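The two complexes that follow have chain A in common; it is paired with chain B in the first and with chain C in the second.
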Partner chain A sequence: MTHKFLSHQELSSLVADLLAAKTRVIAPVRAKDDPEQIDYQLIQCFEEATFGVRLPRRSLKEFFLPPTEVLLHYKQTKAGVEIREVPTVAPPQVIFGAMPCDVAGLATVDKVMDWDYSDELWFGRREASTIVSFLCSAMDATCFCTAVGLGPESASGSDVLFTPVDGGYVANLITPRGEALLHNYGSKASDAQLATAQEKQRDARRKVEPNLPAVSAELGGWLASNFDHPTWKTIALRCHGCGACAAVCPTCHCFDIVDEHESADEGVRRRNWDSCQTSLFTLHASGHNPRASQSERFRQRIQHKFSIYPSRFGEILCTGCGRCSRVCPGGMDLPTILGELVNLSQAKPEVSGQ
Partner chain B sequence: MNIYQPNLMRIREIMDETVDTRTLKLEFEDSSLAEQFQFSAGQFGEYSVFGEGESTFCIASPPTRTGYIECSFKATGKVTQALRRLAVGDTVGFRGPYGNHFPLEEMKDHSIVFIAGGIGLAPVRAVIWNVLDLRDQFKDITIVYGARTVADLVYKRELEEWAQRPDIKLCLAVDPGGETPDWKGLVARIPTAVEQAVATAEDTFAIICGPPIMIKFTLPVLEKLGFPGDRIYTTLENRMKCGIGKCGRCNIGPTYVCKDGPVFTAAQMRKLPQEF
Partner chain C sequence: MSALQDTARKLLNDGTVSVVIGYEAGARGVRPAFITAPDQADKLIFDKRCVQNLATYLNPRRKQVAQLGKAAVVVKGCDARAVAGMIREKQIDRNNIVILAMRCGGVLQHPEADAELTAETVSIRCAGCTAREPKLFDHLFGELPPEPPVNAHRIEQIAALERMSPAERWNFWTEELSRCIRCHACREACPMCFCVRCTAEKSQPQWIDPSSTPHANRAWQTMRVLHQAGRCVDCLECERACPEHIPLGLLARYVADAVERRFEYKASDDPSVAAPIGVYRTDDDEEFIR
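Entry: the complex of A and B
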């Protein structure tokens, strides 16, 4: 593993050089509508970026799976229908200050997007992107990345991981793409800098770990064999089915496909974000709905994330970012719910409190 | 061309099956695609009307008849109603074929009992014609088909053709009250019709498709006849958008209808959670 040291000035020059070369640069910035909040956004100059303040309101998902995107353009003519394709090659972009949980989510969703049929729109953007994540320093009581096998220092999905040290950053070069990005920038990191970075990573982990014990591998099996457990009847009583959790989730990737007229004879086919928490999601034209109640829909959310996806792709479909809990108008708290399910799944519930 | 972009097909022929059910015969606009296109009985596709959207149906014609595909649908939702407004020569989109298929290789040299109710005959019909086109590779063929009323029977012209063939045992049924004065078939529900038409499960596969209530009451009849769960095949449907495992809505517990199905054995179905 290769490490480098980048001073603040060198990072600033790197971003300026990228912008000068017309590369799209995305970074956390203060939200225009609420300066307390942070959004990932395209930036025009380095000074706009605000690193390490708090978790951005939404994950990085929208830069790879936009909330709405055109799949094709159609035009009705006298002779028939003409289709105009949309490009599957995306312009190069570099993301700075990505949260490790958000980047890990992208790597997890790659699995389903490549399941026998490769989604060129998703991978077109993935391949055009270089991701520089920063050690998370914005954790709060709702974070639980360490419980789902990740951590504030996780490098999953990142090309470079930055850890702040005095005067700049220790850059952990993870992929050849990350090495290429920093090829002309930075210098050799000193042993002291590396030691400081490691200590900071350990500290960051220690801040999250008490929030929720690790979700055991057995939970997935328990969920699969307890599809009809009575807890599903009560666990979702506070859920309104609004789908806000799915919108902010780094790993929720379900979508709808709809056509939209743009004039009498022209229009587009679109892919839009969707959520398994809404009642229309599985509704048949006949009126039959396989998931007719909110408890069934919430069961799907939990089963998909913690049992179905792990059994299919070997990874939990959750990065522990905690956004679903923060935005839920009904107070559904995923770490609490996970804790309850883990307790149920263990024959003899352990007494914690050490 | 991304994976969600359909190929263009033209409506070559329109056949009304019932007052609300219609069959479209479709041909690829691109003649090289028409030659390359291959599928197996039981697979499905995403059919679209541009400006209205996509809808999921099986391919109702057999793979042994090349150069075209057929789909049968009931005008129920936005897309199916729009499909019904189209005329011969109009363009539709098609993505597919997707999903698994009925394992005809495994059924060779065996007898097959086909059981269908209502428009459930559409996917079964693809297999029936596939088998009939390779008739000497199979033993006895029995078809039990029923609908609520005589007017609800689909593919009537083909039912007549099957009735004439000496190498098929055809048993038609309508629900009590659904018969007409000149109705010559059974007046019975499907489970009863199966009891009357099927004598043995020996060396026989069963393929069944229809409303859930029909399947629920027919499976015990088949089991009583001695059909093991892995020799009874059915095809499931669920709301889909992508058809290829990504949009996240057709799963029944851990099982994706689009990727693991739509064809399942009764033994596989019994293991599924009750979520369909």
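Entry: the complex of A and C
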């Protein structure tokens, strides 16, 4: 891995040059409706960006899997049905100030998007994107990235990782795309700057680590063999099933596909975010619902993230960003729940399923 | 809080109820608690962080709660309007619940907040509170606190909406609702949304397109707020749940104010008072359909 030093001025010039070249640039900015909050947004000038203040309200997911997107247009004619698909090549975009947890989420979701079918729209945007993540300095008591194998300095999914040092940033160039982005910018980082950056990364980890011990690899196995454990009956009592957790989650990726008529003979096929927390998600045409109450739906959320996905793709489907806890109107707190489940799994390792 | 805890313990001990729905300390401030064992009753707390409307958990769609059996629920005076609404609309049986009502001097905006109650920190739902002294209860707790400070934010938003021309208002809501991702978290968190099958989920015919498009978002939120007219209890659970931070409570409040002007009715904490949506009167004005 190679390193560079970029001054604040050089970063500003880089962003200005990208914008001048009509590249889409996304960065954290102060939310219009609440200046205390941060959103990832397209920016028009470098000054709009606000780095390192706090975790943006929503993850980066929507820039790769929008809440609603058109898959194709259709038109019924006398000759049959005309189909017009949407382009799968996306315009180039660069994301600055991405949180390592959000970027890691994209890399995790890549696995399912390239599983039985390679999702052209997802990968079209992934391939058009260069991601510059910043060492996280916005962690709070609800963060638990270090418990799920990541960390505030995690480079998973990033092309470049910036660590702030005096006067600018140390840039870890992680991929050829990251090297290309900074080809004409920055200078060699000094040993002192590298040492400072490493110390800052260690400090950042130490701020998150006490929040939750590492989620053990055994949890997945315990979950798989304890589908009928009595804890599922009570674990989600306060859950409304609103699915706000899934909307803000960097790794929840389920979608629904619908055809919507726009006139008598024309229409659009769209895909929309969906969530296993709603009853409609599993409602059968017969009226039967295999996940009849929130107990079963919340169990599914935990099972999918910490057992099913890891067993299929080798990675936990959670980046420890804590957004689900922050947004939950019912006070469901994932780090608390994970702590309780880990305790259960360690207390009775011999319990088997029915 | 010992009176509340004692009563909860007694209700569980003598088998009057199987669960007491109240507030307890959680990782992020105060969270809803479901106390089923008498020796857990001392977990119950009540303070200015108790933002959540716990009446929501009486909604029959909360099957995971219903399966616990007969419930006692801790409510503030404002939350009692939701209990009354569900009794009025035959969703719950008054004889099958125990209402533990708290005198309340206002709550903060977020259950995880830690601040003195001021005009900035107090919930916008407390402005103009007329329910510090709850009227619908089986047991009443606490001393009557002074009136909460007034957070005028929502009142100012309503005044601003009223100053707008219809076209300006249309544009305002089109812009706000453009962020709606149709996750329906607003509906799920609402105590008064209890339809077994929401119109938004019906597909034969598809009354409302499920995608997040300007017309479908408007159709969804318009339908929801009209169905809530005179029923919404202004608890703002929808607004707290919305991951896109749309001021859904403002939309509902605007409609509630219109209902009050036309029908002299505000969501009542008296279950025997009929709501306009469920009443036919021959002397209705009906000027709008002339």
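Operating definition for what follows: the second predicted complex is superposed on the first by the 347 of 354 C-alpha atoms of A that agree within 3 Å, B and C clash if a C-alpha of one lies under 4 Å from a C-alpha of the other, contacts with A are read in each partner's own complex, and residues count from 1 in each chain.
Note that a contact is a pair of C-beta atoms (placed from the backbone, for glycine too) under 8 Å apart; a residue touches a chain by one contact, two chains touch by 3 or more.
Keep in mind that this is a model prediction, so the values were computed, not measured.
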Superposition on chain A - do chain B and chain C clash or fit: fit
Partner chain in contact with A:45 - chain B first, chain C second, else both or neither: neither
Which of chain B and chain C A:256 touches, first, second, both or neither: both
First (chain B), second (chain C), both or neither touched by A:16: neither
Partner chain(s) touched by A:195 [first = chain B, second = chain C, both, neither]: neither
First, second, both or neither for A:57, with chain B first and chain C second: second
Partner chain(s) touched by A:286 [first = chain B, second = chain C, both, neither]: first
First (chain B), second (chain C), both or neither touched by A:244: second
First (chain B), second (chain C), both or neither touched by A:180: neither
Contacts of A:325 with chain B and chain C, given as first, second, both or neither: second
Lowest C-alpha to C-alpha distance for chain C against chain B (Å): 5
Contacts on chain A seen with chain B and repeated with chain C across the two complexes: 256, 258
Touching residues on chain B, where the partner in the complex is chain A: 1-6, 8, 10, 29, 48-54, 76-77, 80, 90-91, 93, 238-239, 241-242, 244-249, 251-254, 259, 273-276
Chain A - residues contacting chain B, complex: 71-72, 74, 76, 80-81, 83, 85-86, 88, 112-113, 115-121, 224, 227-228, 253-259, 261, 267, 269, 271, 274, 276, 281-286, 290-291, 296, 300, 303-304, 307-308, 311-312
Residues of chain A defined as touching chain C within the complex: 31, 33-34, 37, 57-58, 67-68, 141-142, 233-234, 236-244, 246-248, 256, 258, 260, 270, 272-273, 275, 278, 280, 292-295, 325-327, 329-331, 333, 335-336
Touching residues on chain C, where the partner in the complex is chain A: 26-32, 34, 52, 56-57, 62-65, 67-68, 111, 181-189, 201, 206, 209-213, 237, 240-245
